[in-house]
């Protein structure tokens, strides 16, 4: 590798490390938020779309982090899918106003979606 | 291996195959039941203890099945833990009367708990 | 729903049930094949690409099955991603000649990929 | 709650937060170590017992972290099982001398085992 390729490789490694951390964090925050919603005792907090999307987002973040931790070349596929789920979960959380935990979860999902989008875009250059 | 050992080995293989199937089935039924409860629109069906226990039981059944599929010697540990979760989930499902899906889930959990207990007991003889 | 819509809905339900079964089966076969490769004692059977792809395929099949079991509207995303991983895993298995377990795993992956592709295509019509 | 109970409750919360972090870290390090072993190109690094135990430990750490993130009362069961797997994985890693990544993984597993043991012991007092 020439100096430009080495720099590009290091940039990809840094981006992947950051994306792993965002996915693990988003997984944890979605799972904690799920528990918060269930404990809130009903109404829109236990509505099937919100709970289901929190479960979906948490699971795909975990899967996507695992692909990157294993150094899988297919992380491009899971990161692309994960970005979509994170945006869906951000939207589901923002749909309920006045809940700090949901607002925090939406912010974390938005950051993770951006990070996953960047990883997916970087990866497409490899193929 | 002498003939008695061979027969014992085959018996263990059959019991493990059956336990894998029970765990995969219990994982699927708990996950479908979770969706059923969330879609029921609130009340005791979305109570945090029921939803949480369904999630716990589904996840540990999946983990326990994966240990057995990998032929892990540590399946004794996960089967023992899984049996406890299945009994807790059976109890949580039976606590709500008059719901066919929950009654079915309780039955499946009970069968899986027995199967996991048998695997855990068989495995202890190996150590 | 009119009669045509009802028939279409039933067709989707049948296709989803079939796809859940294919994903669960593919997850199990990939995990058993992983164990088979590790137990084979080295060489091309423990090559990082093969083992890694078996792990990736098993994990995404499990995730995709879970999305469908939960009735998630986002199963279209995971089924699309899962179809790609199943084809990659089929290819990795076929690359090693003369191993019955790998040949079986490749066949199962191919069937699962087709089923996931059909689910992804059906789902796109809903959006 | 009186002041002593409040202090005990806060201590449990701190211990759980620490245990979640140890489990997530141990999951990540075991998964990275798995990739390291597979990439090392064979021999004792791809021996079925080592790879299998790394997979087992990673999966149970993830499951145990998820139970605690959901605030499940059954985390006592998964933490107890997880401690056993972490000790088995520590031993499998230490069995191969002269590999820095394996030595690091063994250290992380030992720390996680202690943390899980503490959580399991704290939990037993609740029941």
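Order of writing sets the labels: A, B, C and D. Residues in every chain begin at 1.
The rule is short, and it goes like this: a contact is a pair of C-beta atoms (placed from the backbone, for glycine too) under 8 Å apart; a residue touches a chain by one contact, two chains touch by 3 or more.
It should be emphasised that the depicted structure is a prediction, and the values quoted were computed from it without experimental measurement.
Colleague: When contacts are scored as defined above, which chain pair ends up with more C-beta pairs, C-D or A-C?
Modeller: It is A-C, judged by the count of C-beta pairs in contact.
Colleague: Which one of the chains is farthest from subunit A, going by Cα centres?
Modeller: B
Colleague: Would you kindly tell me how far, in whole Å, the mean C-alpha position of subunit D lies from that of subunit C?
Modeller: Those two chain centres are 30 Å apart.
Colleague: What is the distance in Å between the mean C-alpha positions of subunit A and subunit C?
Modeller: 22
Colleague: Residues of subunit C that touch two or more other chains: which are they?
Modeller: Residue numbers touching two or more other chains: 35, 39, 52, 55, 66, 70-71.
Colleague: If we count contacts the way the header does, which residues on subunit A are in touch with subunit D in the complex?
Modeller: Interface residues on the subunit A side: 20, 24, 28, 31-32, 34-35, 39, 62, 65-66, 69-71.
Colleague: Along subunit B, where are the residues that touch subunit D in the complex?
Modeller: Per the touch definition, subunit B meets subunit D at residues 52-53, 55-56, 59-60, 63, 66-67, 70-72, 74, 77-78, 80-81, 84-85, 88.
Colleague: Across the complex, what residues on subunit C touch subunit D?
Modeller: Those in contact with subunit D are residues 35, 38-39, 42-43, 46-48, 51-52, 55.
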